[in-house]
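So, here come the structures, one by one.
Below are two complexes that have chain A in common, paired first with chain B and then with chain C.
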Partner chain A sequence: MTGTGARPGDRLLRGVHRTLTGLHPAVESVLAAILGLLVGAVLMYIWGYDPWRAYWALLKGAFGGDYEIASSIARGVPLILTGLTFSICLRAGMFNIGAEGQMYVGAAASICVAYFSLPHPWHLVVGILFAAAAGVLWSLGPALLKLTRGVSEVISTIMFNWISRFLVFYLVAYVLVDPRQAQRTVRIPLSARFPILVPGTDLSAAVYLAVGFALFVYVLLWHTAVGYEVRAAGLNPTAARYGGISIKRTMVLSFALGGVAAGLAGAATTMGLPPTYAIISGLPELMNLGFDGMAVAMVGRNHPIGILFAALFFGGLNAGGRVMQFYGANPVPLEMVRVVMGAIVLAMAIPELARVLPAVAGAARGLVRTLSPKARKEAA
Partner chain B sequence: MGMGAEGGAKPGPDGYFLRAERITKVYSDGTVAVRDVTLELRPGEIVGLLGENGAGKTTLTKVLSGLLPPTRGRVVSPRGPVRFASPREALDFGIGMVHQHFALVGTFTAVENVALSHERPLTPLKLDATRAKLEALMAESGLKVPLDVPVEKLAVGEQQRVEILKVLSQDVDLLILDEPTSVLTPLEVDELFKLLRRLRDEGKAIVLITHKLREVGAITDRVVVLRKGAVVGDVSTAAVTREELAQLMVGKAVGTRAERAVELSTDEIPAHGSHGHSERGPGVLHVEGLSVAGTTKPIAVHDLTFDVYGGEIFGIAGVEGNGQTELVEALTGLRPALKGTATIHGKNILGLDPRQIYKLGVAHIPEDRWVLGLVLPFTLAENAILGVHRWDQFRGPLSVLRWGKINAHVRALMERFEIQATGPNAPAKSLSGGNQQKLIVGRELAKDPAIVIASQPTRGLDVGAAQYIRDTLVEMRDRGRAILLVSADLDEVLALSDRVAIMYEGRFMAVARPEELDREKIGMLMGGVGVKG
Partner chain C sequence: MRKWLGLALVVALVAAPAVAQALRGKVAVVLDVGGRGDLSFNDMGFKGTDQAAEDFGLEMVEVQSATAADYLPNLRNLARTREYDLIICVGFLLGDALAQAAEEFPNQKFAIIDSVVDAPNVMSIVFRENEMSALIGALAAMAAAHHGYPKAGVVLGIEIPVLYHFEAGFRFGMDWGNKKYAAVTGRPANVELLYTYTGTFSNIALGKAATEAMLAQGAVGVYNVAGPLGIGDLEAITEYHRNKGTKSGPPYYFGVDANQDWMGKGMHGLASGMKRVDVGCYMAVESVVRGTFKGGVVSLGLKEKGVGISRYQDLLEFIEFGVKAGALKAEDIAETILNWQANRATLPDWIWAAIDELEAGILNGTIVVPTADTVAEMQAVRALYTLGAP
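Now for the complex of A and B:
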């Protein structure tokens, strides 16, 4: 005996309702994106730019052709991975802000493969393993601090980000430096590079790694006992403990897995780019990819599949933004794109965004009702 | 006896305090929880709201108290339609509600929680005044709670008392109580009812939700029966018998459980002995000299020694908060013991984690279903495997969960325990309180364990469901399983147990066969009066 109702209309009603609520998260993300773009448009207008032309340029720059689409995807690749770092830990009930630093060490570790040679796929595989291992090692610091001393992961990951940042600055400047060009590291040889998929763009086979890893995380979290434990511990640690789940285990596991993702993001920004690339001092190619990953995770609703779409969207914003800043007589600076991103993230934080619409409609209806002469007569 | 939606004597136009007019509530997943309900609440009247688990009682009262907007229909007062944007507004209007799942801030003490409920924006909390008020209320109502301990550290029964006191302290005209008695002992219930009668005589309107027909007869003036969201009876209590009420609740449903509910309506819990006795088997749980620290006191369990045998139900009766919670948590790996030993089948269990203890054949029905028993955002299916998610039958290679098998298991549970939900993928938080309880009990009993440690196993279950659980426990006992039953429901403990221990301040005041104890003596022992047995 299931369900409350046996009345004929109920089934249909229930079906419609369920479809609508099932779409809720996606609808909310889309609404947030639209809201963010609107805020951006208003700001552009205030500063005397033409929002329509700017967004047109942005759209064309992001998805206007094969080259543009490939570039957008390429920019999304590391964001998929850093987004996963944040989401995995959030699902486990922790706020891991450490993707940025873990990605730096991952990138630095992958550069190390330039110092020895191996045949093609193996050289690449070893580099991937280096990066993943470095990411894991860097994530274990905060994890162990939390486990043994109860240090909040929010604080420790932020601190570890700074340590890793200056550590990698140092490594780039003094250890991994190319003796012929002091402003960058040695170049990773072709044998350890992801094959480029669209010539002339940054899109390499690293995209398969990122998408594959996202699918892996999805399967792990929703279709294995281990992932079940992680999610249970994240949603209700007391009940999880009652259910025989070791919170310490799920904690370390999710941190380590997040470390792998962040390390791979580092690899994607070194081995995953065309052969001319190396890490430049100051890390301009890497900077903020970890933090942007958090935005991607939020818009993707902390779901691996959602993150794929969100990363493509943010990748498109980044790629298109570059076109936008050179477009027309009065080009819009790239910073505007970051304003839009910020506005989107803020909009995501409005709780139950999609419910706001019916509520506004309801309030409007109420207002009309109280103002209408008929209603006033009734009340009297 | 009026059987329509609007029965009873028609009062004058302003004779009511609040009226629900053709209320329908559809939840976002499409569940029609309340269907076209019209109901009038009058000052000076206690209305009993009755219905099976999932009938829509909680939903209806949430609509009345402004917590949920109705999908259709409206709530009107003599001054016109009312619409509350928040419980705060409802409170200002004079409506207070004791929630089935308490609305308390866990890290706040009882005093702070109550003061908070009186709080106005930008005014300081009146802690001293609140404390004085609470102390007076505690003396008057007989509901005692520790005032200065964060409420999350209290036993569920104590939290229930805080929740009741909170609402009693608010000067309201309409008092809605959603299953306030499910974890109270009979004496506490009597005291509460005395107070409710006084409030009624002062002219307050009161709505009481309960599954205990005895309580309905004892205190209500009028009974409203809900079935599948619709009002199927609105009658004066004096004009109706328990059988008629039970029949109204279950409707024309046939099936042993529904019939049993009607049959039990006069007697509710079959007297002791009707379950027969089975041969006591070998010892399963052995506890010796066990002391456990409490959340609110340094020592909650004092030097306890007892055995639970296979083929036996060992009941622990007592007022909630006398160490039962700590004892159960120590035996299930959730709380460290101070000293003593505890073994299952001769194997030590103290210091093990819950998973290792379950492996020894333990099932645990926890008293707090929202904190311990369920992961509320999880689906029914996900909750149904909590603690057994690593069983081989649910896992394939690489630890991949076999959702097909799991869903089949869940459907079987839903069928067997009559869990009402839209399906295995319904979130657990969308289940009614009683159905959540059925889910937990079903999950634990389906383990077919060597010993069941059951705290308040029938809390919030309707008559039929509660009896089904009791029958299942007895049937497991007859198959040689050991059962440790902890319950505030004295009738239940007495009816089911082969031996009963009365617990007071961490000690057993007496351990005896139920027929050796009369209620008066038990009452004294539970209050700490009597010789140590």
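Now for the complex of A and C:
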């Protein structure tokens, strides 16, 4: 994407892909991954585990065969979508932490299909639409607050996450609850489930939805005028406004698109993940998918195609991490597996983290403006 | 080993003798998202299986689940290796995943604690928690009446059928305790119930907040029915004592699953409603080793020593458990035992004798403790034993 053609977006694009080390982004990511693996190996060595054997288990558990590969992809599906939520908004110059909450309401909305019946593909489609609509509605709250009152989206999305969490807790416990199984909601009927692609694994057709949406976002952002406006507003809002771009429009658009993605992540989990096909009290199968998506977005360099690979990488880490727990004579306990995974992910996110620092600083300025009455007066 | 013999006998009698199969020498325990370190449910599952693996010379593997999405993959990963004689699922929430895995791997033996999975290769181990909760409820009501407290509290976790067993038993027990107190002392006792479903098995802060609210309303103590939340419950009670300047007596802490009386150096834990998850796990492994493994429901109650109210011998066993987990220092053991004895001495002997009487009644079948598995059944029990909290 760093060509030097005559298209007007190329200068902007070059700016986007400036990297920390001056190397090609892919090379940089591989170097970061090696660094992360090394740190993880040292940690495991210090605590008396065999890093070679553990990494062998990780690799085998992640990509050792059809079953393993399917499991890794399945684990990455919702992360593609929540990663997109974060990236779209970051491309538009905003720090949207709200994927978690938008995903919860999306999941809750998809459960509603259990209350009526339709033939197979349509029942599923209606559920997907419900989830997407709920995600958009939930994302509009922070978007409108930012538009009308200048509230920093960092604060409002975090607040909306909490509201969503307890709202969905309530819905699960009292509204959508299965009267015979008080610990979960009613189940999504067969006609509204994503078909399983590889029998005996978690991989369902939800993967097509996630990959399709990622490609859609890519085309929209990089090959349409609207997408160009969104990215331009993200790179330099003042210049974009001067160039006749409506910042308000790009803001609402990117929030809404992000809301769709997060809502779909909820649906992909409730309608596409065996065996429960319902929301369990306490949301243990949804918890943190939104936040993990932010890490996926960082590793994937906030690019839809990069996110696809990053999500596969994450899914592999998680699927392989499960195997590390019981493989070999001295298996690595889950706590250590998570420490190692954390080291790898952190190392891989550093290049992108450093690159988005200006955006982080911008968000921090917004925060200060929201919080301090003096700064707010000055701004007015 | 002696304590297991009685149980082994029961198992041998109940289960039909089968031809012993060649053992592969490995067992696995799969835990739910609660994970290790709760000093209660999950740690007990580990303890029992570990003990059995040691006694029968097996290798044991423990697999935790980072999220609920890992339950089924974890079971599949283990079953696919065909290396495990038995895979034990510790926790109700693994039920759905096991139902599917058991169907996909019909030759793999599974056991599950707290849930019933209807498959020929799954041993479903459930407990009659209502029985020991009745003992705790009776103790709480009599303790409240004796010390002049108006209420007794229960802090529960997520509203799942298993927890209805506890609530139903506790209600019955309180009612029994109120009547017993009136009969013995000639003074009426109307101790009322305070109960909260916190909706979590992991947020310790909610346990503390719920306990504080109950203490403020005059609860003589709280019964923890939410695993790790008990740590928060006990913290609230300890702070209450510190502010009051008291070292023992009410408000009391009633532990759950494990014997938790030793926690906080045994100062406020009066008694625990023990649910021996470790006994269940041990039993399942033993049945596989002896070739008596059979799918179906195994129900453990007072009679099978699967549940019970904590006593002195249990305290010693679980002090060791606490020291091993790093939650109690070895040099504090003597002090812990003295504290616990001082706390127990704040109640008259007749109350402890009454608890033994209730236990004997349940054991010989003259007293039947109600239970509940559905919302409707729970509401029926609530209507029967209102205790000011329908």
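We adopt the following convention: the second predicted complex is superposed on the first by the 312 of 380 C-alpha atoms of A that agree within 3 Å, B and C clash if a C-alpha of one lies under 4 Å from a C-alpha of the other, contacts with A are read in each partner's own complex, and residues count from 1 in each chain.
Here is the rule we use: a residue touches a chain if its C-beta (ideal position, glycine included) is under 8 Å from a C-beta of that chain, and two chains touch if they have at least 3 such contacts.
Model, not experiment: these values are computed from the prediction.
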- Which holds for A:246: it touches chain B only (first), chain C only (second), both, or neither? first
- Query: In the superposed arrangement, does A:235 touch chain B (first), chain C (second), both or neither?
  - Reply: first
- Query: Taking the superposition as given, does A:269 touch the first partner, chain B, the second, chain C, both, or neither?
  - Reply: second
- Contacts of A:67 with chain B and chain C, given as first, second, both or neither: second
- Touching A:120, do we find chain B (first), chain C (second), both, or neither? neither
- If you lay the two complexes on top of each other, which residues of chain A touch chain B in one and chain C in the other? none
- Item | Touching residues (chain side chain A, partner chain B) in the complex | 1-7, 10, 13-18, 20-21, 219, 223-226, 228-229, 231-232, 235-236, 238-246, 379
- Mind listing the chain C positions that touch chain A in their complex? 28, 32-33, 35, 61-70, 72-74, 76-78, 80, 92-93, 96-97, 99-100, 104, 158-161, 199-202, 374-375
- Note on the structure: Listed in rising order, chain A residues that touch chain C in their complex are 61, 67, 71, 75, 169, 173, 179-183, 200-202, 269, 273-276, 280-282, 284-285, 287-288, 318-319, 321-323, 325-326, 331, 333-334, 338
- Query: In the complex formed with chain A, which residues of chain B make contact?
  - Reply: 26-33, 54, 56, 80, 228-229, 332, 334, 353-355, 358, 364, 366, 371-378, 382, 385-387, 389-390, 394-395, 398-401, 403, 414-415, 418-423
